[in-house]
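Take a look at the structures listed below.
Note that subunit A is present in both complexes that follow, paired respectively with subunit B and with subunit C.
Here is the complex of A and B:
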C-alpha cells in the first residue's frame, strides 16, 4: 500500500496551479488535505501522473463575509468550521455538519473544497451545500466561472469541475435568523461513512425550503414534494410525520428509487429525523 | 501456614503485597504508552531490502506463465528460485484426515485471491510494489468454490487435485441415545444459524525480517509471531537449516489474537530468501494483505436441534456443524481444528442425556482459516445460547432461569461432559445468579413492557459458556495434533547484584505477562515485581517452549516461573541461613531479604556469595543462582474458566442500528493473579466479540473476490461502540494447576456474540423477527423486519 511514482508540484499561485494541470493531457490531480486521495493513491486505485498541491494557495484560503453571503476558500478545513474559526452563515448548520465528519484527525486536514471536488456520495458537505443553494467558483485556463449548487454534483465522484479546473471557493448565502435547519445521517459507527443522510432548510424570509437526500453510492437528490410540504407545515406531530412519510415516498417514486426496500427505509429514517430536528430543535 | 484471598501460601509477602492477587499497574505500560515499544517495522538493520509479494488476483487458477520485465528479473524471486523448500503440510494424526500441501508461494495452482506468487525486492516498499505491479501472470481460470454449503454438498469443483470432494474431515463427538431423547422430548428447538467469515485484525500486521549472522553463522529470523521456538523448529525443517544454526526473534507485537499463531507462508518465503541473498530482507504486511491474505476466522453453519421437557430441562442436543476452512490447511493446527473445537464444546455448561455432534470441515477458494481469539467457541456459544434463549421463550420462562437449572452443579465437579471434556471446578449457576442480580431482570422487564417508542425496542440477552484453557498434553493428543503443547519452561536467574531475570518461551503482546509473571516471582521470592526483568520472544534467551496462545501462558509459564523461583527461594534461604548462622527453618524471604527475627541479609549479599565469593557458601552448596524448569499442569485436560454475560441493547427498527446500553460479565478464572489484567482481558475480548456480533464480516463474491479489503468495508467496533463492562469475579481455584490459576484470555470474545444477538432477538421478539446470523448489520435487521412484515397480515408498527 504505497503509491506508484508520480510528480509532485506545489505552485505558488492559482494561475501556476491551473498551468500545472493544463500541460498534462490526463493524470493531473489536486491535493489539499489528502484525506481521501492519499489512501486511494496508496491502494494504487487512482491513476496519477502529477500531484498539484494547492493546500497553501492564498486564493483557496480566502474568506469574505458580506451582508448576504460568506465566501469560503476551498482549502478551509473541516475543523475550522467545527471550531467556529470562520463566520457562520447558516445558524450553526455548517458547524454541525463539519463536527460530524469522520474523525477529528481527518477534520484537522480535510478541506471543504477537497470533499466537494471528490464528491464521494457519502461526503457530509454535499447535501447541505445543495440545500443552501451554494455557488461554486471555478477557475480554469479559460478563466473564472460560477456553478450553481443544482448543477454542481452530477453523480457519485463526478462534479461540474473539469479535469483541468480548480474549485477555488464556495459562496454560501446567509440564512435569516429565523431559518430552521436539520441535518441527520445514519452511520454504523462513529466516524464511518454514512449509509444515508439528509439536510433540510426552511428559511421563510428568504423563500428557501429544501430537503436534500444523500445515500451511499447514489447521487444526492432534492426531494420536491417533501420540500414543498416543509415550506408551510406547522408544528411537529404524528400527523406531520405521517405526511412527510407520504411525501417522501412520492419523491422516491418520482425518482425511481423504490426498488431497494432497505435503502428506502434507511433514507426515510434519515429524512424524517432531519425534518423533525429542523422543526423541533431549531 | 496462612492463606491469602487467592489461596496462596502467605510465605513471602512483601509490604505492600504485590504478589499473586494484587492489583498492580503493568510493568510494560511505561514503554508502550511512551511510544517506545520496538516492533518489526522499527528494526533498523543496515542494508535491509524491502519485500512486496505479488499475489494472486484470481481465486482459482492454473498459472500458465509468469512474465517478469528483464530490468527487474534479479529483484523477483519465485518459489523455483529459492532452492529446495518443502511445502507446508498441516495434518491431524487421524487416518480420515485428508492431506494437502500449502507451498510458501504458489507454483502451479492458486486457490485464493491474495495467495503469494512472487517476492519482489527493492530498497523501499514502494519500489518493491512497483516491481510487483510489473509482473504479469497468465492464468487459466478454474471454477471457483465460494459457497460453503455447496462445497459440503460435493456439488462443486475440487480444490485439491486427487480429492474425491472438498471435505477434509468429519468429527463425531457425543454420547447417549439421541433418538430416545427425541422421542420423549416435549419441546424441540430447531434452528439454522450462521457465523460469517471474519478477519482477525491485529493493530500491527504480520511481518518478517531475516538475515545471516556471519559471526554466529546462523540465520536470524525476526517475526511477529506468538511462538518463536515452534516457528524455528518448523522453519528449520522446511528450508533445510539445522535448528542450532537458526534464531527466531519475536520483538514487541502489536496484537496477535491467533493470526500470528500459525506458521506463516511469508515466514517460510522470507527465511528461504535470506538464505540465498547477502543482505537482510524484510516484509511488512500492509492492511490490504492482512484483510485478504492472512488467516481468517469463523465461517460456521449450524443445523441444531435442542430437545427439552416442558419445563425447559434439556434432554439432548443434535448438531451438524459445517466450517468453511478456506483453501489450505495451516500449520500446526490443521484446517479441521476450528470445526472440531466447535462440536467438542457445543454442550457448554449444561447437563444432558444425549449429544450427537457432527463437525464437517470443508474447503473453498478463500484464505485459510486459522485460530482467532476464542477458536470455535464464539460460534459454538452463539449457536447453543441462541437455542437456550429460544427454549426459554418456547416454555415461557426467563432465559437465565433455564440456564441455572440446566447447568452442571458445583458438587458434580470434576465433571465429565457428554462430549468427554473434564470440567475441573467451578460454580456455573452462581455466575448466572450474580449476573441476574446485577442486571435486575424484573425491573428490566418492567421497562421493556412500556411500549416501544418510535420503533426503538430494548432487549436483554444472555450467554453462558465454559472456556477450556491451558490445554495439556492429553487434550492435544485427543485432538490428534502433530505438535503437543502440554508444558512451558522458564529460567529464573539472579544477577550478581541481587536482581532477578525470568527467561520464558511464551510471548507477551497485551496479556500483561511482564507484570503477572513478576508477581508470581514476587510471591515465591518476596521480591519487588516492578524490578523483575522478563525476557522472552527469542530462541536465544530462554529454554525451549511453546508460545502464547489458547489462554495458556499464565497457567503454563506462570507455573514454570513459580517452580523455578521456588527452587531459587530454597537455595537463597539456605545461603541466607548460613550467612545469618541460623537454621533453614528459621528464615523467611521478605522485601528482597532473607530474614530471621530482627536480623536480615539482602539478596545482593546472597548473590555476591553465590556468584563471586564461593568460599562463603554453605558446605556442598554449588555456586550460582539459576534454575531452569519445565512445568506441566497435573491433568493434561485443561483448566476450565467459565462466565455468564448479559447484554442490554437498544434496537432502532428505523435504522437497524443497535446500541449496547449495559454489559455485565460474571466470570471465574480460578485464582486471579492480577484483577486489573484480568478485567482488561475481558474488556478487550468483549470488544472483539462485539465486532463479531455487529460489525465484522469478510464476504466474498461468486468469483471468490474479497468484498472487504480495506477498513472502508471491513468495520471494526471503536471506542464509542464498546461499552465498559461491569465485571464481577468468582474464584474457584483449579485443582490441576499451580496456584489454582486458569487461563482467561478468550472469554470476552466467546460470550459477546451470543449475548448481544440474544439481546437483539429479545428486543425484536414482538415483531415476528428472529436473527440467527452474525454480524447483525442494519441490513440484516431491516430486511428481516421487512420480510416478517410482508409475510404477516398485519404490518402495523413496522412501517415498512
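Here is the complex of A and C:
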C-alpha cells in the first residue's frame, strides 16, 4: 500500500509556497503535519501532483499575543496547545480540545491549521473556533485577506480557502477571566473520530455567547436559540436541562435536521453535556 | 530527493523518492530498523511508533523527505534508555506481551506517556495508550506493566 508518485517541494518562503501552488492548474496540495493527508495518500484517496511542505515556514509558526487576542501560526502543533507551550486565550478551552485530539503520537505532528484546512466534519478544532469567533488569515497570489469564522467552514471538507491559497494564521480573541466554556464529544473509542461534538462559550463581559454543534458528516452549525438561552440562564437544574432540550429541538427544526432520529438524539446528548459542563464546571 | 538526518545518534544521508514513508525508509536493509512494525500503514494501529525530534510519531504516516534534518530515534536506539529498561522488565514480569508485534511501539509510547504525566493511574494509562493496538488483546498485562513503572517512579 503506497501512494502514487508525486513531486515534493519545501519552499523557504511563504511567497515561494504560494508560487508552488499557483504554477499548477490542478493537483498542488499543502502538507504540514500530514496526519490526515498521508493516510489518504497511502490509501490512494487523495490524488495530487505536488506536495508543498509548509511545516517549517516561519510565518506559519508565528505566535503573537496582544491584550485582546492571540495569533496562532497555522503550523502550531496540537501538542503545543496540550502542553501549554503557547499562550492560552480561552480559559483552558483550547488546551482541553487539543488534549482530546486522536492520540499523543498524532498530536505531536498534526497542526491546527492543517486540521482547519482539511475541515473534516469530525475535526476537533472547528466548533471551538467558530464559537470563539476566530479570524483566519489567508494568503494567495492576490495578497492577504481575512475570513471570519462564520464564513470559513462551508461544508464537510470544504472551506473558504481556495486551492491556490494558504491559511497562514488564526487569530483567537481572548475570553474574559469570568468566561465559561464547555466542550464535549461523543466517540466510540478514545481517540477515534467523533460522531458528534459541541462547544459552548458564555462570556458576559465580552457579550459573547455561542453554542456550536458539529456532527460526523455534516457542516457545523451555530445553534441560535440555545445560544440565546445560554446567555441569561441561571444555575444548572433539571428545568434548565429541559429548557435547553427544547431550544435545541427548535434549533434543529430551523436547521432542517429533524429527519434522522439517531443523529438528533446523539447531537442532543452532545449539546446538553456541553452546556452542563460550561455552567457547572467552569 | 536527497535527505540528511540523524538516525539513532548517527548522521546519515540518502536519496529517497518523495512517496517513501519514513517507516519503509528506516526498515530498508540499508538502515535495518526492523523494530518498526507495519500493521495498518495509515496511522491507526500505532505499531510503527518512533521518536522524531524526541517525540513519539507514527513513521508510516510520516514521509521520509519530511524528516530531512530531523533527529530520529527508533527502538534500536533506546537500548541504554533507563525508562525503556524498566518498562521491558515490567512487561516481562506482568506478561505484557504475547506475539510481540506491538511491543516495541508500546514501550516507546509508554516511555513518553510516563515522562509526560507523573500521576498516571490505570484509567489514564488506558486512555493514553489507546492509540496502540494489541491484536492479541493482551491489554491487561500491558496496562499493568506500564502502571507499575509509573507508580514506582513517583
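We take it that the second predicted complex is superposed on the first by the 282 of 282 C-alpha atoms of A that agree within 3 Å, B and C clash if a C-alpha of one lies under 4 Å from a C-alpha of the other, contacts with A are read in each partner's own complex, and residues count from 1 in each chain.
Methods note: a contact is a pair of C-beta atoms (placed from the backbone, for glycine too) under 8 Å apart; a residue touches a chain by one contact, two chains touch by 3 or more.
Here the structure is a predicted model, which is why all the values come from computation and not from measurement.
Using the contact criterion defined above for the overlaid structures, shared-chain residue A:3 touches subunit B and also reaches subunit C. Within the superposed three-chain model, A:102 lies in touch with subunit C and out of touch with subunit B [touch as defined at top]. By the touch criterion defined above, A:190 reaches both subunit B and subunit C.
When the two structures are aligned on the shared chain, A:265 is found in touch with subunit B, with no touch to subunit C.
In the superposition on chain A, contact is made by A:44 with subunit B only, not with subunit C. Where the contact sets of subunit A with subunit B and with subunit C meet, they give residues 1-5, 39, 43, 189-191.
Residues 124-126, 129-130, 133, 286-288, 654-657, 695, 710, 712, 715, 717-718, 720-721, 777-779, 782-783, 786, 799-800 of subunit B are the ones touching subunit A in the complex.
Only residues 1-8, 10, 31, 34-35, 38-39, 41-43, 51, 53, 55, 79, 102-106, 108-109, 189-191 of subunit A touch subunit C when the two sit together in their complex. Chain contact summary for the complex, subunit A toward subunit B: residues 1-5, 39, 43-44, 186, 188-193, 195, 245, 261-262, 265-266, 268-269, 272-273.
Every residue of subunit C that touches subunit A in the complex is listed here, in rising order: 1, 17-19, 21, 24, 41-43, 46, 49, 52, 55-58, 60-63, 65-66, 68, 109, 112-113, 116, 126-128, 130-132.
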